[in-house]
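In the two assemblies presented below, chain A is common to both, partnered first by chain B and then by chain C.
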Partner chain A sequence: MELRPYIIRRLLLLIPVLFGITLFIFAITMFFSPIERATLYVSSPRQMADLPAVIEQYGLDEPFFVQYGTWIGQVFSGNLGWSVVVGMSVWDAIWNFLPATLELAIFATPLIIFMGIFLGTTAAAHKDRPVDHGTRVMAIFGWSLPTFWLGLILLMVFYGYFRGLLPPSRLSIQMDMVVHSADFIRYTRINTIDAILNLNGAVLLDALRHIILPVITLSVTNVAFIMRLMRSSMLESLGKGYILTARAKGLAERVVVNKHARRNALIPVITVSGYLFAALANGVVITETIFTYKGIGWWAWQAAVNLDIASVLGFALFNSVLFVLVNLVVDILYTRVDPRVRLGGTVQ
Partner chain B sequence: MSDWKLMARQLVRNPLSLMGIIIIVVFVIIAIFAPLIAPIPEGHRDPYMIPRDGYSAMPRPPSEEHIFGTTQGQYDIFYGVIWGTRSAFRVGLVVIGIVVAIGIVLGSLAGYFGGVIDEVIMRITDIFLAFPALILAMAIVAVLGPSLRSVMIALTVVSWPSYARLIRGDILQVREEDYIEASRGLGASSGRVIIRHALPNAIYPTLVMASLDIGAIVLSAAALSFLGLGAPEGYADWGQLTSFARNWVVGPPGDSLRYWYAVTIPGLFILFFVLGWNLLGDAFRDILDPRLARR
Partner chain C sequence: MNRRVTKISWIVLAALLCLSLVLVPGCTEEPVVPACSTYIGSGQLDGEGIPPDFFSDLDVRKGFCYAFDYETYINDGLQGQGVQRGSPVVEGLPFFNLDASMYEYDLTKAEQHLKKAWDGELWEKGCKFTLLYNSGNIPRKVACEILAESLLGINPLFQINIQPISWPTFLGKIWGTRDMPMFQIGWLPDYPHPDNFIVPFMDSTIGAFSAFQGYGSAALDAKIKAAFEETDPVKQQAKYYELQQIYYDDPGGIVLAQPIARRYFTGHISGFYYNPVEPAYTGRVYDLTKANTGGAIPFKNPGTFVFQTIGPIKTLDPAWIYDTGSAMQVGLIYETLLYFDGEKTDEFVPLLASEWEFNPADLTLRFKIREGVKFHSGNDLTPEDVEYSMERWMVMDRTGGPTWMIYGPLLGVSGSGDVTFADIDGAVEVDGDSVVFTLAGDYWELAFLQILCGGWASIVDKDFCIAEGGWDGTEATWMDYNIPDDVGDTALYNKSSGTGPWKLNLWEPGIQVKVERNDDYWGGLAPFDYVITQVVEEWTSRKLALLAGDADLVYVPATYFDEMDDIESETNLNVYKDLPSLSIDAFFFNEIVCGPSSEE
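And now, the complex of A and B:
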């Protein structure tokens, strides 16, 4: 097994990428005057009141690379600056808003993957028949849908027409009070999980009612994407020799499709999980904005329209680092799933 | 050239791509004849600013004067979506044009010369690709200040790396071909080899696919405008018209769908525009990947 040197090599390759990302983000801040940039260094309301002192302390009129050094030191010590829109430090804001977004992801990701794989397999197994054409049209349609518009339409129907059946925001006011009361313990701050842990059915039901539309909005485009990928991967796999063998020895078509073909067709789908992460990160901003669902996406939008640069750049940095790590994990997983993949390009 | 004829015939025969072509042609016609379809009112200075009929916030339903009704702030929806077609084409064409140009230059430099140049250019693309695209675009627009120009810059910044990579890959494939070697042997300069021999043989499929990405670019631009990070208020822009409807999604009790026209119409234009390009793109992908089409 050559896994360990491979992982070490990949981790070392992370360093220049992270250096590039931070340098790029920092270069962007140079568009601003020192007084505007000062929020990037602030870590308490007291400092916020005296920005000239912050400029003095962090040397915001020094040469670019000196400033970059100071800034990166701050970032590594966990200071990403002050988020003006929510009145707390950027780190606190991220940790404060992350659970809501995680909750969306927990529901959306399995939905996307299972729906996508199921529809893709079905389409491929019925290639060029009505089912295939139908799913294909659906996929192109789903792919072209402006998600922000889809969200509004869903609200118009399920919140307006059906009299508040599936409302926006995260919880109704009453349930929000229950969640914040003393005898409701917020273990994870993910409402549905907390409701289950607290055995509170009313909160669970309310949280689910609020989360259905955002999850649908977040999923549609990505289901279409995974489905198309799964279809072409399945078609490729169905044309392989071992499928012919399986059929020739008289296996049921269902077994051939679901076991022999699908398992091998899943590999390319794993490789796009990195892409899926990026799609979710992008989608979360739009989805949370439409539904006033207060997660990090909503916070980033608030920051962007209010020119709160410390938050916007902190959010971008957070996402890119996460994205790079997700891609690393995906690549490592890939080598585990498919032993044929040659690690680091060496012939085994 | 018979390849192209064959391709064109395949596109017209396939009902889906034919529909795509029709949709795109309709939008081109709308964009060209916008001043005839939605005439500029007299004394109106900037044709891209939607004329207003009053200042009341509440949208008004379709009438003879405003056939699609008016949206929040009494902006005429019909005028907005017709002239918005022009804005959409402008954003899409400008961004794709610049992005493809950057992609061709950097991609062929990296692919043809390899070595240090390749390494440097590819590491730079790595950095840009390390961000979820819309989030980076949002940050750039927020920093430059919201405007249509910022949106175009942001979308260019986030999209060029993938094209540079694609074109690099194409060039790598033809770099060792005999005709390239022959041209080099005859003493042609690197520039001449790239422009006369490598590019023409390598990148047509990539260029075609890239141009069909206009739909995706317009969709991202609309998303940024919807988030309030795009065109100035009142500019003919589909994303913004959709965002005007945000406060009017739910009508008064008993008439909850009252403002349907403000919510649905601008979005339908975005949907069909993007759909047209994607239908065509999907058919192209099948033609260019015969492995899948023939099976």
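And now, the complex of A and C:
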């Protein structure tokens, strides 16, 4: 079917998805009594005596559908609510904290994909030999490492032992002042991209220096995800008839593997990479917290822990939109990569 | 494929909707349980639970107080960083009694009292209930375990379960559902007066804890009031000593320990002195200096003070603040009329007021306002700004905020609901070069001076505030600015014009606050060009930053003092130990579980 109607149809599906998800989450948060939800707005024992006033002020004891209706009404008028944990509107909070997570995702995703493809190909090409076992063990070992443990170890070695070589946080104090100064225009608030757009080498180097450790942490723990898929996909591809033909033709093994087998094996990996990006852009709470790289994952965690329901719902909306869009892009990409697949049709 | 996918997604969504419709009616009704609280078992004294008024029996409470191993609690729960106290009045407060009676860990006496309790029925039948603590809090977990173990050791029929729950749920249970038989929570001072500690622990109507425990009586309330209103220091001391003794004779909770704090600065920072009521963890930054003293920690960022802590800032509006994080930033940008003298909590030095005088005859407190002071906006400081700041504070009266602290001393009420604008206007008046407050009673003098040192009493720039959309100071509009809905609704939420040594440079919520030096500061240039407060939740990141010289001071929870002790000798840190923090934790008894009417 045509591309444009397909995209429109898929985007229209977004609406019932958003409705269903927010309704579900809202319903679950109703398990907390109005009193528990009111504690979001107070922070000292003294203030606690005013809980009934707080409950009334924010309408926390209204029936479920009234509260949900109020919230939906606000959303349609463009007001996603106020995020108490960061003191700004939910809409502003999403735009404020997304760049940091996107920066991590932009750097980590290609690294994970290329490493995964390389390791997967190598493992498949040398199946059951030491190289294969070695790469698989390494990948699973990385996958099993707790993120917080790996992150802290990296910090202790590269920041502690090596006296500040690779620091946490997004920028050093000096570069942070440069970025916030009037001369520096923050187009995207993703520091590396902004540094390039502002032609500022010092900021770019500083941002890269700060992003190394979090990206390594994310890569090591996630590479197995791609690597194993690539390996099994390659094995399937290597078993096909045309590979036998290529070898019979006398092609070098390297050409057989890299040019013929791998290209076909890449198809499932490409589509899965989309989900990988979405999962990273979703927010990686632990990495963000340990390396003080505050992004949308950190914000969602703070919201959840403090029962900031407006923020939780806003985050759920953001997530739904993200995944539906990524799904859509991946499906379209799939048709581009594999000519046998038609949009909305079946594989021939 | 397309149609099938659509159909499936519709079915899934319909299922979700049905599910939520089923869940929701179930959650808006109260679940039916045999006893009013799930934490008191059967709700009867039959060995399978406790009755809701279990702790109303004095012998039960005394027995529990004797059964608690205070030393182990301090050693294991607080890493030795605490001192046991016998009553809410802790060291550092006026009228603190070092010789006050305290319970000691005595199993024989505990047994005696528990055998007498409920006419012997408790000893015979036993009891069963649940202790809760907020998850992640090690000292409170340790306290629950110590108590449970002790009681089990005295009588195997005393079965106590322990359960962690999340902090918001925990708070909701203390003041909302009130269904916990015992709970641990601490008190931090609003102002360093014993009354500020005694009321929450002992007052039966307005006590933040006692009123919800069913503790106290009208007679006791009268004693508390009398002690506060006493003007003869000798008699006042006697009254406060008596109140402390009452808490021993009739305990509302097991008084735990006054924590001992420490500060870990890098060796390059000096000048810190500890005032227990100072909200900023850093102390007065204006009095610190940073110079390269060599040593293992590198000297970085000269002229900048970097502080890493947990907990984001809520607002920069002085009339709203009630948390230490925001109070610290307000303390850098704004100033008050006077401030505590060094480490003292009952003596003051002039700040924006050059002198003050209290006239007991007409209960007026007169402050002469300093001349030649400018706000960051360039406007001059005048007595009108002081009057405006105080009236704005009263007008705002945000829910759960600090405004009760000015209403009490000036008008004898607790909020804006009980007054007219004429009352607010008349409480603070300008008289020439001075501002005059009329107090509700002469006993308020010391407490009110202490309250005026707090960040909520900061002097704001009237013209600046009005230009930014704030209240214009007149009766006509005051109701529009009364009880704002959201913290972001106030004019001074993230904009400021104060008189302080620094002015706001950057506030990235949840990430950092940066203030830059005010070159026109009346009191002499600040020692730092920038003061940066970064929010770093992860302890190891903070510790590494301190050792790398990227932070000059970091927040060190007591749990990690041992870890810091191990490395202290290898590196040049400036450590301040044995600082008695002005707070107290107690293990409170709830004498009326589920509230006064528990037959529902």
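One rule holds in what follows: the second predicted complex is superposed on the first by the 273 of 348 C-alpha atoms of A that agree within 3 Å, B and C clash if a C-alpha of one lies under 4 Å from a C-alpha of the other, contacts with A are read in each partner's own complex, and residues count from 1 in each chain.
Here, a contact is a pair of C-beta atoms (placed from the backbone, for glycine too) under 8 Å apart; a residue touches a chain by one contact, two chains touch by 3 or more.
What you see is a predicted model; the values in this text were computed from it and never measured.
Asks: Which partner does A:159 reach: the first (chain B), the second (chain C), both, or neither?
Replies: Touch status of A:159: both partners.
Asks: Would you sort A:239 into first (chain B), second (chain C), both or neither based on which partner it touches?
Replies: The answer is first: A:239 touches chain B but not chain C.
Asks: Of the partners chain B and chain C, which touch A:20 in the superposed model: first, second, both, neither?
Replies: both
Asks: Which partner does A:138 contact after superposing on A: first (chain B), second (chain C), both, neither?
Replies: It touches nothing on chain B or chain C.
Asks: For A:323 in the superposed arrangement: first (chain B), second (chain C), both or neither?
Replies: Once the two structures are laid over each other on A, A:323 reaches chain B alone.
Asks: In the superposed arrangement, which partner chain does A:332 touch: chain B (first), chain C (second), both, or neither?
Replies: A:332 contacts neither chain B nor chain C.
Asks: With both complexes overlaid on chain A, does A:272 touch chain B (first), chain C (second), both or neither?
Replies: Neither: A:272 stays clear of chain B and chain C.
Asks: One more residue to check, A:51. First (chain B), second (chain C), both or neither?
Replies: second
Asks: Is chain A touched at more residues by chain B or by chain C?
Replies: C
Asks: Of the two partner chains, chain B (first) and chain C (second), which one does A:86 touch, if any: first, second, both, or neither?
Replies: After superposing on A, A:86 lies in contact with chain C but is clear of chain B.
Asks: Starting from the residues of chain A touching chain B, keep only those that also touch chain C in the other complex, and list them.
Replies: Shared contact residues on chain A: 16-17, 20-21, 24, 28, 31-32, 152, 155-156, 159-160, 163, 289-290, 305, 307.
Asks: Residues of chain A touching chain B in their complex?
Replies: 16-17, 20-21, 24, 28-29, 31-32, 127, 136-137, 140-141, 143-149, 152-153, 155-156, 159-161, 163, 232, 235-236, 238-239, 277-279, 281-282, 285-286, 289-290, 300-301, 303-305, 307, 309, 312-313, 315-316, 319-320, 323-324
Asks: Enumerate the contact residues on chain A facing chain C in the complex.
Replies: Spelled out, the residues of chain A in touch with chain C are 1, 9, 13, 16-17, 19-21, 23-24, 26-28, 30-33, 35-51, 53-54, 57, 63-65, 82, 84-89, 96-97, 152, 155-156, 159-160, 163-164, 167-169, 173-174, 180, 289-292, 294, 298-299, 302, 305-307, 344-346.
Asks: Can you check the complex and tell me which residues of chain C touch chain A?
Replies: Interface residues on chain C, with respect to chain A: 1-2, 6, 9-10, 12-13, 16-17, 19-20, 23-24, 27-28, 166-169, 171-172, 174-177, 185, 187-188, 190, 200, 206, 208-209, 211, 298, 301, 304, 306, 312-315, 322-323, 399-401, 404, 483, 485-488, 493, 506, 509-511, 532, 534-538, 540-541, 544-545, 547-550.
Asks: Would you pull the chain B residues touching chain A in the complex into a rising list?
Replies: 16, 123-124, 126-128, 130-136, 138-144, 146, 215, 219, 222-223, 226-229, 239, 242-243, 245-246, 249-251, 256-257, 260, 263-264, 266-267, 270-271, 274-275, 278-279, 282, 291-292, 295
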